[in-house]
Structure formats: structure tokens, C-alpha cells
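Data first, discussion second: the structure below is written as C-alpha cells.
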Amino acid sequence: MESFQYDLPARPCVALPVRAELWGVVSSGNLEVLVETGPPPDQCRFQVETSAHGFSEVWQAVLEDFVTRHAVGGLSFSIHDAGATPAVVSLRLEQAMQSLKAP
Amino acid sequence: MEGKRTLFDRLFPGGHGVSCVGQVLRGWGATTRGRVHVIGTTDHAAIDARIALMLSQAVLDAVAQGPAGSPLPILFIADTQGQALSRHEEALGLNGYFAHLARCVQGARERGHHLVTLIDGEAVSGGFLAFGLLADAIVALPGAEVRVMDLRAMARITRISHDRLVALARTSPVFAPGADNYWRMGGIHAQWRPDQDWAALLEQQLYAAPADDARADLGAVRGGRLLAASLARQVCDAP
Amino acid sequence: MNRIPGKSYREATARQRVAGLLDADSFAEWVGPAARATSPHLAALGLPCSFDDGVVVGQGRVEEAVVTIIAQEGQFNGGAVGEVHGAKIRGALQRAVRERPTAVVFCIDSGGVRLHEANAGLLAISEIMRALLAVQGAGIPVWALVGGSCGAFGGMGIVARLCDAVVMSEEGRLGLSGPEVIETVMGVEEFDARDRALVWRVTGGKIRRTLGEATVLVEDRLSAFRAALESLRHSCPVALPRTLDALQAVQDQLTARATRESDLRDGQALWDRLGLGADAAWMDTAQFNRRLQELA
Amino acid sequence: MNATGPSRLWNHEARRRTARLTRCAAFLRGKEVAAADMVPFLEAVLEPGDRVCLEGNNQKQADFLAAALADCSAQRVHDLHLVQSVLALPEHMTLFEKGIARRLDFSFAGPQAHHLARLVQDRAIEIGAIHTYLELFGRYFIDLTPQVCLIAAQAADAAGNLYLGPNTEDTPAIVEATAFKSGIVIAQVNELRDALPRVDVPADWVDCFVVAPRPHHIEPLFTRDPAHITEIQVLMAMMAIKGIYAAYGVERLNHGIGYDTAAIELLLPTYGAELGLKGRVARHWALNPHPTLIPAIEAGFVERVHSFGSEVGMEAYVAARPDVFFTGPDGSLRSNRAFCQMAGLYACDLFIGSTLQMDLDGNSSTATLGRITGFGGAPNMGSDARGRRHASAAWLQAGREKCGGGPPVRGQKLVVQVVETWREPHHPTFVERLDAWQLQEDMGLALPPIMIHGDDVSHVVTEEGVANLLLCRTPEERSQAIRGVAGYTPVGRARDRRFVENLRDRGIIRRPEDLGIDVRQATRDLLAARTIKDLVRISDGLYQPPKQFRNW
């Protein structure tokens, strides 16, 4: 397993604080993402644990694009990845965003 | 069966009458406090529906026979290589036969029968789950082999190297075969040494006060299973 | 012809099943993913963990009646039971004895013991069995739902049959030893695990329903499983009795079955004998149920 | 002319044919050969160095004859030149390992791709060329005519007439070339019948037949279980339907085999219907009877399907839908690979398929290191037929886009590659350099095994969007358009972001949101069937899937 953490500047999320919510499952080629209220409102935190080694740059690129697309400041995304492709990662993050709810 | 007779001589110096039909043991043993029921399997039985039915009938008979008000303890002898593997047994629904056996064992417990299991030989996953592992107290005799799967088969299925599993098994009791590992995890209450007085030890177990399933706590105390008890409690008490 | 009606139970995740089975917004989870109760044993082997260790437990409502719900995630390690996974289930069952819900709904989707923590898994299943028997002892029924991709095998196959009612879809499977295990040990002539139609004729919902092991056979739709729960409130409101007579009656039934089906190796033989027809394996669920009822 | 000189013989081939038949006459009872005599029979008929077609297709295999040939003595039968479209059976490899065969001209080697690559490296085989199907069939009539062909049919009558059943595939092309050039036609049949449902090959084209001990193998190659279709494939299918099928009004088309295209087939009756496309797109098909096409047929999208071969389990369904399929008087499918390839090349406006690798020129290949897969039919379908003269709306629109506005002198075939940017971690689909180039070096091939050339590709669809290569005016635009949909692969991340945004403004790259597609709606719930069982139900029980696809 490889793990890393990124704290990226982000526009504040309007729905803060959010109810913790889990999306996706850990199975081959898939991942789960847990969305919680976390860092300051101008920061977004990603904690990634992945079974695919050597992809930190790809992860960073995927997550930077995601932060550009959405106002996710104040949120933390914890990810357990079992070899999902970037396409699946983006899709799960989009699905998680769609479901953000107040606690 | 010859080995089992020697075992019963040692467990019940006061006498015993255990018969063996098709790898199923049924009968009685005499303790200083009276007779107890003996039910079990021998010769590393692969438990199929027929054996499971004989065991469950033996349990039901033990419950039906007992003098009302003072149910006799039941001693289970576990010696099983696991469930029988065949297409027929699956089609027939062997898991349902095992579940019925488990319900009969619980029925006996609910009627006040104290339940003790001795592992003499092998105790492997499915066959062990159905009755032996459901007792109030579980004891491993010397040489008992307790396991789900040996490490080579596990390495093949999990695709983790055998060497790595062997190395990890030295520090963790969580996956490797062995009565010691099960003892550390609280799954076996006691292991008897060859030089001990088994008849006396058995009596202590057979007439102990009944208790709830405390194996997870035992595992925590013994340091082999640290999360099972606390997590169940956490779920129980969660807001 | 447009869309297939309704969401598939088989394809749904454990969380989607929970949401689809319970009244809207009625679910409250115990020790949810934010608690990060993950498996230290998988981590020690360098394998991916899951925030809920592959099982969701909590309480919710079915038509306003409070139920305890347990849902295994078949896609995570085949729904296999490890220490944490098992402890969560056991805790939920113990809590049910204390809180006395209308029923415990147990969505089983598991191959049995998680080999990476095999000893802990075996003990956990034993503890689940005892805790489940205690729930029933308190009069509370436990309803098993079997329709996931892993079915209910190994120790969880035994657990499923301990339950007071079993709701299955045709796609669900219920057994003890998986076909792959039997093929590996006994040879491909004994059980060809790649012959999927055979696998389902031996372990699938239709043969289980025919033998009476599945209480109801429903379509593979989340809504159909939900509807089955609603009707179980009326048909199975309390745990099955464990009186000596009741246990002996089951003993006699199982004995009769073992004698009658002494050479059963394929569900088709059963259907042929019952006069269900050569196309029993092809019938849709409604038709199959209707034919079974006509023959009963 | 020279009336006085010694008269020249003009029938060498016919004499040689007579000699072959004389040598094997002892084995013939009428035209039938006993299965037990097959090895000595072949040893009598064949001569060293013969050009032989041992019928091997995608699905249908002359497997009994292949095994018999492999059992022949290499002393008596050797150095054969095999000319056949597909190498699928282990016996095909044995022929080369034993020295019975030496040279090979072929199209496709799916299941034997690794083995074939090894034989080439060991110099145990000489490869003439890797062909497309039509190319190989063409050469049957020019310079690769078989002297002996070993074919597979469903049934024969006593006279030797053959009934091919639904799986025609290559048989007519092989038999036509062999029988009319003094070759020997040998057929294995599953059964001998008094009367055939229809005569597909007349008896006087057939020299002998053998009733094989077992029916010939047919691989259910075109069955895609909808259960394996992913959300990403659903998303790409939505983009293909809205961004290409609807945008060009594609009525006549061919699909490759794969989950990507199966997803499109299963979205037509749902998403396609919502877009109002019924009757406007996907009406006429050159396609095998894919089970995943059933919902679109039942929904009335599909009007007509002509097929290369058949598909196991689709027999009853096809027979019950004669308005859609080409069927014989007996109700069974009449397929024909040569004609269907021709239809795909000349009469279709779109081909869509997938690939394993694509480079910045748009060249794509399924050949990766250590495997020689060959091409099959994709290059015929996936190329612009420059001999085409009739017009259609889709063809004209593509032609206009390609020539940049002026009055087009010809249209353009739509050739679409639909791929995920990553197949799995460590395997990006988009690469700077195809493995095919390395393979060419390793194998000593004259050309790199490129399946579809970049200059034939009109669109690339990935989960990131659709790139319209017809609108690209310079090589740089083209490569940036490809980078612009290559996602987070190294190729994609090396894009010039401003350049790509500019291409997006010009509609050369279109993202899902540009097409009005909400990514979050891309779920499996959108599929018209999610399981094989759904397909059976939608077919009203007519589709009978092989047992390995059933979970009931």
C-alpha cells in the first residue's frame, strides 16, 4: 500500500458542516471515499491509501482538477483505493459531491 | 475408536458406555457426581448430512431423556476434518443440517444442560462450527489440530507467499493453524497437558456455573484478540 | 420495453441495500465509517482496508416498525468475516436483545471466513451464531436476505439457515462449501465450478425455494426484497420455537429429505420428480412460484 | 499460332487433382470417408508443399480435420502452406511444431497469439503476411488459392450436398476458390441427413465428406454479459450516441465486439429513445447476432442485420425475427463473412470499436509485446472505402468536415475508436509509441501490425470526451486533440492546456458537459438489460444463452 496526503487551496463549500458519507466500495478497480467536515474553509484535504504504486503524480493531477471544478473548501476526502482508474476516481468524487447533506 | 476408548478410560475411571456407529460417538460417562452424556465424532470424520442428523438426534435424545429439573451435562468430542465436500451434500443443503444441529445444541443449553467440548484429533472449520464450537467450554487435548485452512492452501488462495505467512504467523495468532493460537484468541478455554488428571479437570468443567459467551473478552485478556470484545461493546453502546 | 424496472438487489452495494430496504431516511448507523474501525490484520498484510470493514450495522424502520439491520458488502473481500466485521455483527445482535426491535434484518452476502484472519473469523462466526440464537431466544425473529453476488457460504451459510425466514432471489446462492472448493479438492467431475447453470441448479434460489429452505423467492429487485420484508412482519412476527417437539419435527423433516433425496446432485432432478417441467430453470420467478404453489 | 510444335498441356492442375483422387479412392464410399480413416486418407491426398486452407474462423472450427491433419506423419505430409483466416486451435500450432506445415498466411490468432509469437521467434514458422479478412479472401482468387481445403459444415446428404447451418463465415469464399481451381474440397459434417433444409454448397463442388465423431466446436465469441458493463462504459456510450450517432444521423453501421459497444447497443432503447433517435439512427447493421442487440431490436430501433457468422444461443431468436435477419427457407440464419465485410466496407457509414493502444497519430493496435493477434475484420470496417460513390447524410457530413467547408468531392466514413484512457493501472491506452513498432522489429515483419491507421480514424471517444479528428487541420491539432481526451495518462498530462481549450471552443473536443451530458447520470440503471437473464426475458425466452453465461 502507498499513502499520501494533499492539502489543496479550495473555494469554501456552502453546505458546511456535512454529514459523513461513504461512497463506493473497495474492490478490484474500485475505491471508497469518505467525505467529512475537516480542514479550514479555504482548504481541502485528501488522504489516499492505494494499492497501485507509483501514481502519486496522477492522483495529484486528478485531485487538483476536482478542486478546480468544485467548491470543496472545509471538506476532507479519505480514499481507500484498490486500483481504480482515474476515470473511476473522478466519477466517485462527483457522486460523493452530489450527495453532500447537512448533518 | 480404539484411541477414543483409551481416552474415555482416562476421562471416566468410574465407567463409561460409548458406542460408535459410522464415526458418531454416543453414550455416557460416569463422573463422581453422576452420569453425563457423551456425543461426538471420531476418526477425523468429514461431517455429512447423515452424521449431522445422528448428532442432532443424539442431542435431542439427551434433552428428552434427562430427569426433569436436573439436566445432565453433555460432553462433545470433536474430531472432524470439516464438512463433507460433495455436490450431493450441497444440493441437499448440508448447511441447513448444520444449522439444525446448532439449534439443537442451543435447545439443550436453554434447558440447562451444561456443554463442554474436548478436541481430540482435528477440529476444522465447518464441521467444528456446527456443534463443538458452540459449547460453554472448549478444551484442546494434546496434539489437537485446530484450523480453518493450512498455510499452503491459504497462500495459494490469498496469493500471499507462504514464507511471508509463516513469518507473520510467528507474531500473530490470527490466521495460522494451532490450538495455541485459538487459546490466545479465547476460542479455546483450556489446553490439558498429558501429565494432568483429566478426569478431575473434566469434572471441574462439566459442573462449572453456566456463563454467557465470553470468548471475545478472554481473547482480549490473553492478548490474542484485541478488538472483538471492545468493538461489539462499542456497537452495543453507540448513540 | 424500456428500462428494466427497479434497482437490482444483486448489483446494489450494502449501503444502497440498506437505504432501499428501510423507510426513507430512517437509518441510523452504529460505528459507521467515520469511526474508522478497519481491520489491522488486512493492513498487516499490506492489503486495502475498508472504513466499515465490509459491513453496515444500525437501526431503521420498515413501515414504521423498528428493525435492526446488518448488511454485508459482498464486493469487499467477498463479504468475508474477519475480527472487526464479525464483532460489529455480534454487537448489533447483542444490542437487539436489549432494545427488542420488531426483527433483525440480516443481509448476508459472504463466502464465510476471511482467510487473512481465519481464526478470528471462525470464532467471530461462532459468536455470531450464539448471539443470533440468543436474539431468537428473546422471541425476536431474524430474517435473512440472500441475493448478493457472494451468496451465503461457509459459516455464513449456516448462519443463514439459523434464521427464522430466508428471502432469496433466483440469483442468490446458499450453501456450505463453494463449488470452487469442491472442484479443487474432489475434482472437476464432482463439481464443475465453471458450469454456472449447474452451480445455480445446485445452490441457487430456485432449488433452495423448492426444498423449503428459502421462505420466499423474489425477483432480483431491491423493491421486491423490501416488499418481502413488509409481508414477513405478518407471516413471521416471532422467532421459531425451540421446543423439543419443534426441533424433533425439523429433525424428522430433514431425515425424510435426506432419505428421499439420497442421490440428489442437480436441482433439475428434483424439478423433474415434482413435475415442474424441463424448463424449471428457465421460468421467471413469478411463474416458478406459481407452479410450485400449484404442485404443493 | 504455333500449329506445328509439340502441343502444350493446359490441364496440369486437373491431372494433379485426378491423381490425388485416385490415390485416395480406396477410402471413399461414394463421397464419404470413415472418420477412422481420416489420417491415412489425408496422407494420401496431400503432397508436400501443398497450399491448404484448414477452415478456422472466429467461431466455427474444422476441429476434427485439424486434429487428423496434426496426426499425419511428418515424413509423408510436410512443408504445407496454410492459408486461413484464424488460428484458434492448439492443433494449428502442432502442425508447425511437427513440421507438417511451414508457412502461414492468415488474419487473426486470438487464442494462440502468444504461442504464435513464440513460434515466430523460434523460427519454427514463416509468416507470409497478416491480412484483413477481405484481403485474404481476395488473395484466394489471385495468388493464394488453396489446393486442398478442409472445411466444416452442419450436415451432408449422401450425394455430398452441404448444409452450413447458421455459421457460414468463410466457407463460401474458401470453397469457391478451391473447387474451381482444380482443388480438393474435404468437409467434416456433424450429421448425415436424407434431406437437407437447404443446399449451401452443391455436391459437385465437394469431393468428400466425413461425419465427425463430435459436432464441430463453435465459440460464443459475441456474447457480452451486460453484468460486466461499467459506469464508465455507460458514460462513453452516452457520448457516442449523442455526440456521434445523433450528430451525424448514422443509420448504417457496424460495431466491434466489446463491452464498450455492447453498452451502446443497450443504451439505444433507453437513452437513445429519450433523445428521440428511434428510426433516425442505427437502423441497418452489418453485425453478428449480438445478444446485446436484442433490446434495440425489440424496441424497433433495428430494422435489418446482416451477419458474418452466427452466435450460439441466438438460433431460435433469429428464426423468429426474419424481418430483421437474413434467413433461409428453413428459418436458420444465412451469414457470410465475405459479403458482410464488403457490406461493412462499402455500405456502412460508421464503424465503432475499441483498441488496446493508440498513439498521437491515432494509429491503433491490439498487438502488444509477445502476442501476434492479427486483425480480423476491424481494418476493413474501420477504413474509408475510397471506391465508394453513393451518398448518405452521415457520409456527406463527415466528408464536409474533413475537407473544411468547400463542396466535397467525396464523403467520409465515420471510424470511431472508443477507449478508456487507462485499461488498468500501469496500462495507459494512449502511448507515445505503439508496441507494434517493437513487435515489427522483434518479428521481422515488413510493416508494424497497426490495426486501424490514424488517417482512417474520424473520432476518439474516451471518458474525458469526444475528439473529432475530421476537423483537425494540422498534425499538431490532431495530436493535441488526442492528448485532450487522453485523461491523466502521461500522453494526456503532456497536453498544451490552452491549445486544448481552443480546440474545445472550436468543437473539436467536446466534454460531456459540452454535449449536455451529466456524468452522474451514467449509471448501469440506464442499460436496457443488466444481465443475461434480462436479455432472455426481453427476447421472450427465445434467446437461449450457453450455460457458462447463465446464473440460473
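Per-chain residue numbering starts at 1, and chain names A, B, C and D are given in the order in which the chains are listed.
Heads up, the rule we're going with is that a residue touches a chain if its C-beta (ideal position, glycine included) is under 8 Å from a C-beta of that chain, and two chains touch if they have at least 3 such contacts.
Worth saying up front: this structure is predicted, and the values here are computed from it rather than measured.
Here C is the chain whose Cα centre lies closest to the centre of all protein Cα atoms.
Each chain gets one centre point, the mean of its Cα atoms, and the points for subunit A and subunit D are 42 Å apart. With centres defined as mean CA coordinates, subunit B is found 47 Å away from subunit A. Taking each chain's centre as the mean of its C-alpha atoms, subunit B lies 60 Å from subunit D. Every pair of chains in contact is given here: A-C, A-D, B-C, C-D. Contact residues on subunit D toward subunit A in their complex (touch as defined above): 230-232, 235, 420-426, 463-464, 487-488, 493, 519-520, 522. Every residue of subunit A that touches subunit C in the complex is listed here, in rising order: 1, 20, 22, 24-27, 30, 32, 34, 36, 49, 51, 78, 80-82. Residues of subunit C that touch subunit A in their complex: 13-15, 32-34, 43, 46-52, 73, 75-76. On the side of subunit C, the complex with subunit D involves touching residues 1-4, 7-8, 11, 170-171, 194-200, 204, 206, 220, 281-282, 284. Note for the complex: subunit A touches subunit D at residues 29, 52, 54-55, 57-58, 61-62, 83, 85-88, 90-91, 94-95, 98.
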